[in-house]
Every structure is written in structure tokens, then in C-alpha cells.
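For clarity, chains are labelled A, B, C and D in written order, and residue numbers in each chain start from 1.
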Amino acid sequence: MEKGEDKAHPYPNLTVELAGLKLQNPVMPASGTFGFGEEYSRYVDLNALGALVTKSITLEPRLGNLPPRVVETPAGLLNSIGLQNPGLEVFIREKMPFLRRFKPPVIVNIAGSTVEEYAELARRLEKVPGVAALEVNISCPNVKEGGMAFGSDPQQAARVIKAVRQATSLPVIAKLTPNVTDIVAVAQAVEEAGADAVSLINTLTGMAVDWEKRRPVLGNIVGGLSGPAIKPVALYAVWRVARAVRVPVIGMGGIMSARDALEFLLVGARAVAVGTANLVSPRSMLEIIHGLKEYLREHNIDDINEIIGGLEVPFPL
Amino acid sequence: MSLWIGEVVANFLVAPDIYRMRLRVDIEEPGPGQFVHLRCGLRYDPLLRRPLSIHDFDMDKGEIELLYRVVGKGTAWLAARVPGDKVSGLGPLGRGFILPSGKTLALVAGGIGFAPLFFLARKALALGNRVIFYLGVRSREHLLRQKDLAEFGVQLEIATEDGSAGFPGLVTDLLAAHLRNLRFDGIFACGPKNMLAAVAGLAATYSIPAQVSLEEHMACGLGACRGCAVPVYREDGNVTYENVCSEGPVFPAHRVVWKPSWR
Amino acid sequence: MEKGEDKAHPYPNLTVELAGLKLQNPVMPASGTFGFGEEYSRYVDLNALGALVTKSITLEPRLGNLPPRVVETPAGLLNSIGLQNPGLEVFIREKMPFLRRFKPPVIVNIAGSTVEEYAELARRLEKVPGVAALEVNISCPNVKEGGMAFGSDPQQAARVIKAVRQATSLPVIAKLTPNVTDIVAVAQAVEEAGADAVSLINTLTGMAVDWEKRRPVLGNIVGGLSGPAIKPVALYAVWRVARAVRVPVIGMGGIMSARDALEFLLVGARAVAVGTANLVSPRSMLEIIHGLKEYLREHNIDDINEIIGGLEVPFPL
Amino acid sequence: MSLWIGEVVANFLVAPDIYRMRLRVDIEEPGPGQFVHLRCGLRYDPLLRRPLSIHDFDMDKGEIELLYRVVGKGTAWLAARVPGDKVSGLGPLGRGFILPSGKTLALVAGGIGFAPLFFLARKALALGNRVIFYLGVRSREHLLRQKDLAEFGVQLEIATEDGSAGFPGLVTDLLAAHLRNLRFDGIFACGPKNMLAAVAGLAATYSIPAQVSLEEHMACGLGACRGCAVPVYREDGNVTYENVCSEGPVFPAHRVVWKPSWR
């Protein structure tokens, strides 16, 4: 039998382990850019993905921010959605039944405006069938309370993660913001507080101005920058964090192609999340998974785990 | 509602800054008011797709037509395409106009809002409606496809802002004047927000159901990102946000919140 | 006599006052992207600029970092020059004689690895004819000691600025890094310490990976991201800082056109600096100055100062 | 050394992935080894200019020629230009080769390093030198302009990596073989860094002065940003950095630090 024909041990191996989950490949959507899966299910076989990650869920429904909510910048996207979501109850009732029909683990992203809200979300999601892990969004730049305020300070971040950790036995992934002086300090604090993995980066805070109308473009004035423009910042953050914590890192920020994904794996990400690219082309993730497989084949690499952290650096920095 | 690569069949200037493009694509039949979401370049600047209404559809040839004004980098890229070039698209997307049959309809277009209403007019006539087409443009050189519309049997009423053809002034003033005598079963509008708000006001005054096609900056085009949300009234009177891309772009005029808190 | 023909009061007025300097227009080069003026003098009439800003000067000559030192990213540039410069002595002897031949004020950018080095640079530049002001680079991401380490902490930043302030009577401009949790706190600290103006932003720290060779692209591994990609981040930083300090702000980060410059003025910058754009086209600054003039003429605005801070915001954020 | 807008006169494929472009530009006379710095697009991706050596110059027509391999987004954009299109450029930039007269010279090109050496060969012959041109390519279909070179009176020595023409193997092995018998007054080389290092070694062994054209990522192209610095030996033997764009791209081979600390 030829290599690659064994169904039980597909060649090359793309599976990675992450916070107790086994992912068939390391590619998943970034929260907020894939809705609740349904919107993309016409274009993407959800069963082909490494995991399914939901838009951030809050306890109560949220309307979101004033429009316009998105504006393009050179090689980037600035958004101020403001966590529009139907709230926990509707999510459990109307979105989970669809999501749990698929094979990949469902990672539910949660956001609160108090520590107690995060804990409450974790408690209530614990019992919901099909929820495989929680991603704790302490890095949203588009809401007034909570969000990034928690993620900007190691102690605050640790408080949220500790509370979530105590409220659930599900794997806990802390999602970090790059808008800090020292993201490593935050990563270490959440690791200490019990996070099973960290995901980074969320968006960079930014704004766009309409020079003709002399006013901000976004209804919310300020938004979060994503896309290829931020990839160098994201790679640097992942590289630093991956060497400073023992828990696995989910890398994201500007991943548009398999090459971009490889770069994140090389700097130490165990898995990658694709955000803005989904908005540009719904089939991006499939192309990335395919491209990774091709790369391994062409280079005769049996296992994607050999790539992870494989960056050759000439000297310790 | 699919992802495809279209081939440019024709792409030519039809009025100052306005181009008409024919694309050969293999898509399901679109309805008037639906749009396609096009990549305008191969790199990351521009990054996002651009939404363009379907201006016409030829089932036999498997071609859609687009009519677009060059306003920035994405449309400039489109304008530079020549026959044989490829363009990546999504669509048809969104909810289009809902047409009755056998009625008398007013179609109201402002500027490039003409794009979807041309297709709508053709479909409306096919359903046995009488169509009066109010077309407002800046100046006579922006008038397009009058002959085609006349051949279809559309009654065309023109308004130009500079008075160079037809009624001198805003198309909504022309419509207002006609509404004093004429009776419509429905109004269908596409154009700048101010114009749509005025149409909605007239429709409310005369108790005529109106459908308007809205614009908002878009990202995914699929209803996933909530980037194109606009405030609309729920049945209970409270305001909520709906996506222009998936719940619109066409909304009943009375549902639209015309003046959000600060703009 | 028609408006615009009066030479003594040119119309429209583009002059702005900045830290005691009178600039004939608000456009200057960003440090490090214009060498010492000479390299550009074939392409640009240096007398047409608002000010001349030098590359960072250190006490001793610096070789700079290992190549490659620049790499393009989508709509951005990542650099790790590492402050290559001939050192203070050579600068004074060989570069200042050229620079002082021109009308616009010469702003000398200084960088040190200790507080004392900054003070020493300030002391020695004080007496050099033609030096109009100092820009204190406490934000360079490309050197191991000093640089960004100072700019990342309000207290450290204040220490440097206080020392420079005491060592010179020249106007002092503090150049800030965006790689911090709260740039406003740093701006307020340096204002308090005696800065006459602040300039922002320096580059965002980032990295690029060569996925084929599996190693960092830059010889120095890490670099600073500039160009259109970072404009949203820069605009936001300038907008926040301009409303939080009384001293004027020099805005920069991705300014490629007069429209971009206008956006920075609208969010509150008193002047703007052009960096990466110079590397793309040597005449960028002239085109920006021309474009600003045209804009004012077309909109019948007599004075550019009417634009500054003129952003209309719907509600206080 | 100026900023100009050139007009594409011709742009065609001459070998797999390799294009030759003629540009009509109004520039001062370039020397062989100098380069132009071209914008490859109208937006910000790609952002920076791309350096290309001057492959030839026609004073009468006011045209420069470029020979380039498509390796990424910038060169792909260039390859898509058609006659009449405009390209913004800077140049001629940098310090080119310094030619003697009446001597016997070895020109050594690896791959696309052929681009500047073609121009150099023409100039060298005009100065009464005898030119032996060592050209190394992957395979015979990458051989270019053999006839032109022969007409000039150049003695062409070919090496192909796959052995499909001429000497089978590396061009530096061919050169090494010839050096055992032939005597050159100067060696001029352009190509991949490994090849240049080998040439420098041979030149040192046989005590022949050699000039090599280096490559480094560039930003300004004007000597201002220090982005393109490479390590070179100073006269005192210490290492310093010089700019490929303004102090190069051509350096005396013995000045180049072939193995910087870690690559």
C-alpha cells in the first residue's frame, strides 16, 4: 500500500493536540468572522475544518455598534461590530443544534463585562452538549466595558481566567490583545491562572477618518484592525509568547494563505485561526488546509507537528 | 449564492465615469435587487470584495451585466478589465425586490441606483405590470438605456439636477408632483440615502407600499460578520440591526430607521 | 490685488507654530527615512519643507544591524536598520554644514542607551549652529538597550525627557512608541517632564518569516512596521494623545498623500511627518504640501490651522 | 539619477519566466551595472519600488532595456504591462562597473545576472577590450541573446546545470578550468551570492581584480535609509556597512564579506 492511502493514518499527518482536544488539522475560523458556521455552510464543508469557533457570545443579546461598522484600509480591515450576538439563551437554543451536527470540536467564544459574567457564561455552557472548549475574549476593542480592559492588564486577565477555570471543566483558551506593552506578561498570567491554551492576536485598535466629511468613518469612531496589514505584528507576538509559555498557542492575524499559516506554525503556533480571509473568500480555510498538506507532501514531512516551532534563529534575541 | 470565476465579455464606458460590464458566469438565476460580490484585484489592496447590483441577466448566454460608477480603487480596477480577463465573484446574494403582477408601479432611481432598477423594470413588465420609471440624474449625459426601456414599454420620466433634460430638479420632486394625480400600487427605489428617505416619506403620505435598496460598507456579503448592519424597526416598534447583505439590500421602506441617532 | 498674490501673507496660510518654531508648512520628513537631507536634495527642494528632521544620532558611530534590514509586507515596510549613523562628532562636522544652508528649521533626532547619553547629546547639540530643536527617540524597536525600553514606561520616558530638558534650552520633542498599553499615559508623563511637543507614532514591532527557508527574513529577526498598513493605528494614537496633552503633536504613520496628511491634522496633529512614503517616491512630501494647499483653496479655507483638530465626533467616547 | 515616467515600448517573454522590456524614458546616460528603481503598481501592495539592472540603453531612441525574471508580485505586475503603459522609475542609480580599455576581460553571469553583463559586454568591446563571456544557466532554454553577443564579437562560454548545452555544471567550474590556462586582466560578475563568492575566491587565487554586483532588499534606492547595507571591509581591515544602492551595487570582490556571522 502506498503512503497516503491508509485512511486510519492519513499521510501526511495534520492532526494536532490542543488543550486536550484532538484537531484533525490545525486550521479553524477566528471568532466573529465565521458567524455561527451556518452562513458559510454552503461554501465550506464544516467537517473539513480543525475546529469550529463561534462569534463571541454574551449573556444577554447585544445589538452591536452604530454603522458603518467596517471600513477597508490598505491591506487591512477595521471593524467595530461591537459583539452583536443573540445572547446565550438563543445561542444554545438556535445555534448549537446546527453546530453540534459536525465532527470538529466546537469552541465557544465568550465575552462579558464583569468577571462574574464570564464565570456565569462558563457555568451555563458547561452542560451544553457539543461544546468542546471555551475561548475567553478578554481582548475586544469594540465594547466599552470589559473586553480589552481585562486583557490589557495581567492581573485583570488572570482574574477572569481564574473565574472561568473554576466555573467549568471544559478546556479554557484565553484570547489576548496585542494592544499592550508586554503580551508575554499577560500570557504568563493567564497560563498561571489555569488557561489550557492562549489564542492571539485579537485586533489592533485603530481608526479611520473621512477627510471629505471630516469625521470618523466608523459609527463607533474606533475599531479593530485585522488582515494582512497586521501579520508582522501577529507573528512577532506569537513567536514571543510561544517561547514563554508551556500551553499551546493558537496563532492568528492576517493569515490569507497556506504560506501565512506555515509562518505562524514555524514561530510556534500549534494551530492557526483564519479571520479576515474568510470575509474575502469563503473557501480560504479549505485552500489553506489543502496548501499545508501539499507543502508537507512536497517536502516529505510526515507530520505537521515537525514544523511547529521550527523557525531557525541565528542567535538568541 | 455561489463562488465563481467570471470571464469579462465586454466592459465599456457608457457615461462619464460609468461603465457597463458583461460577465460570463455560471450562476443560478438572480432576481432584481440581488447583487454580486466581486474581488477587485489579485493582491491585498484593495482587500475586500465590492458589491455591485445585477443590472441585467441573460439566461441563454449565461451572462450577467453590471453598471458601475468608478469612485475608488476597486471600481477603477474593474474599469481596467478587458474581455477575456477573469473576475472572482460571489452571488447572486441578498434579498431582492418582491414584485407583484398586473399592477401599476413606480420605479425611482437616483444616479447609479439605476443599475438594479433596469433589471427590475424588465422583470416587472414580464409579470404584466405597468411601469413608470422615474430617473433622476445630475445631467443629461448621465442618461442611459432610454431606448431599451422604451422598447420594453416602460414610461420614462426624467429629472436632471441641472435641468438639461426632463424635469429640472430632484426626481423625488417630480414623483411628488405626479403622486398628486397618479395612483401607484407600489414604489421601488434605489439611490442615495436622502432620496430614499424622501421616497419613503411620500410612500407613507400616500399609503403606498414601498421597497428600497440600501447600501452599507460590506465585508463578507454572506450575513456572517454583521459588518453591514443597518438599524430597522422590528414589528414591536423597537429598533434592531439587520444585515444589508443577507436580510437586504431591499427593505420595506417603513422598516428603515432613516435618522440614526447622529447622522 | 487678488487673494493669494500677497507674498508677505501667502494665501492660503500653511504656517504652523510648533514648540516655539515657526514652520512654513506642517510637512516634514520622519526621522530615518530622509537620511541627512543630502541624499534627497536632487529630488526635493529642501527649502520647500516645513522642517528638516535627521536620522537618529547617537554619541558614538553605530554600524547598525545585520542584513537584510528591510522587507516589504502587505502595504507596509518592516525595517531593522538599528540606528546606523556616523555618531555625533561626524554628524556635527560633516552633516550639519549642509543642513544649515537651508531655511527650514533643522530638528535633530537623538537616541541613547542611557539617560546620561541623551543628556550628553542634548548638551553638545545645544551649541551647534543651525540646530533648531531636538527630537528624542525613546521609541526605536531596533536596538537592544535604550530606545523603546525608555518609551514603554511613563516614568522612564519622563526621566529621559527631564534630563534632556535640563541639558538644553532647545525645544524638545519626545518621540513616542505605539507598542504600549496606554500611549496617553506616556505622552502626559513627557509633557509633565518638560517636552515642548510629542511626535508619534514610531514603528510597531513586528517580524517576517521566510516560510521556504524557515527562518526570519530580517537579520535582526525583529523590526519596526511602518507605512499605510499602520495608518489606522497611528490615527487613533494621535487622536487620543492630541486631546489629552496641551503641547502640540506631530503625527505620522503611513502618510502617503495629502489626504492622509489631512486626516492626521483633523484628528489633532499640528504638523505631520512623512516616512515610508519618501522611500517609495522622493517627491512625496512636495506632493503632499501641494495637495494641502489645493485642498484649502478648493474649500476656501484661509488658514490650515482651522483644520487642525477639526474632526467632528458625534459623541464623546 | 532622476525621477521619471517611462512608457512601455515592448514587453515580451524571452525564456521561461523571463521578460525583456523596452521603456522609453528621458534619463541621463547610464553605465553598465547601474540600475533603475521601478514602482510596480499603483496602490500600496506592492508598496516599494523594485530594482532592475539596466540591460541595455539606446541613446538615439531614448530607450532602456530591462531583463527580468518573474519571482513575485512586483515582477508579475511588470510582466502584465503592455506597450503604451506607464511605469514610474528612478535612475540610473548606483555605482556600476569600472571598465578598463584594451584588456582581456572575463564576464561571469549566473542566471538573471546576465541582465547587466550584456550591457557591460557591449561597452567593454567599445572600449577595445577582448571579452570572454561565461554564462551559467539552469538549462538551454534559458540561454538568451547568443546571436547578439556573437555579433558584437564576444567569445561566449556556456555552462548549463542540466548539461543541455555547453559545459555541464556550474559556470564557476568552467571558469576555474579556463583560468588554469587563460590570463585575464579583470573579472566582472553578477549572479547568485554563492556564485559570486566562488568567483571572488578564484580571482584571489589568480590575483585578478574582480568586480561583483551584489543584491540586497532595497527601500529608498538613494542611500538614505541604510536598508540595503551589506558588510564590507574597510581599508583598515575592519568591517563596515555600505549601501548596495548608492555605494554599490558593484563592489570590488575583495572588499565583500562573503560570510557574515550567521548565514
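By definition in this document, contacts are C-beta pairs under 8 Å (C-beta built on N, C-alpha and C of every residue); 3 or more make two chains touch, one makes a residue touch a chain.
Keep in mind that this is a model prediction, so the values were computed, not measured.
**Student:** In how few steps can one go from chain B to chain D if every step must land on a touching chain?
**Tutor:** The fewest steps needed to get from chain B to chain D is 1.
**Student:** By label order, what chains touch chain A and chain B together?
**Tutor:** Intersection of chain A and chain B contact lists gives C, D.
**Student:** In terms of CA centroid distance, which chain is the most far removed from chain A?
**Tutor:** Relative to chain A, the chain with the farthest C-alpha centre is D.
**Student:** Between chain C and chain D, what's the gap in Å when you average each chain's C-alpha atoms?
**Tutor:** 36
**Student:** Averaging over Cα atoms per chain, report the distance between chain A and chain D in Å.
**Tutor:** Going by mean C-alpha positions, chain A sits 46 Å from chain D.
**Student:** Can you tell me which residues of chain A touch two or more of the remaining chains?
**Tutor:** 74-76, 219, 227-229, 314
**Student:** Can you list the residues of chain B that touch 2 or more other chains?
**Tutor:** Correct list: 43-46, 261-263.
**Student:** If each chain is a node and each touching pair an edge, is that a line, ring, star, complete or other?
**Tutor:** Topology of touching chains reads as complete, every chain touching all others.
**Student:** Given the complex with chain A, which residues does chain C contribute to the contact?
**Tutor:** 73-76, 78, 152-153, 179-181, 204-209, 211, 213-216, 219, 221-223, 225, 227-233, 235-236, 239, 254, 259, 262-263, 266-267, 310-314, 317
**Student:** Which bits of chain C are touching chain D when the two form their complex?
**Tutor:** It comes out as residues 32-35, 39-40, 42-43, 55, 63-64, 66-72, 74-77, 79, 81, 84, 219, 227-229, 256, 276, 278-283.
**Student:** Taking the touch rule as given, give the residues of chain A at its contact with chain D in the complex, in rising order.
**Tutor:** 74-75, 228, 314-315
**Student:** What residues on chain B touch chain C, complex-wise?
**Tutor:** Per the stated touch rule, the residues are 43-45, 261-263.
**Student:** Can you check the complex and tell me which residues of chain D touch chain B?
**Tutor:** Listed in rising order, the residues are 41, 43-46, 73.
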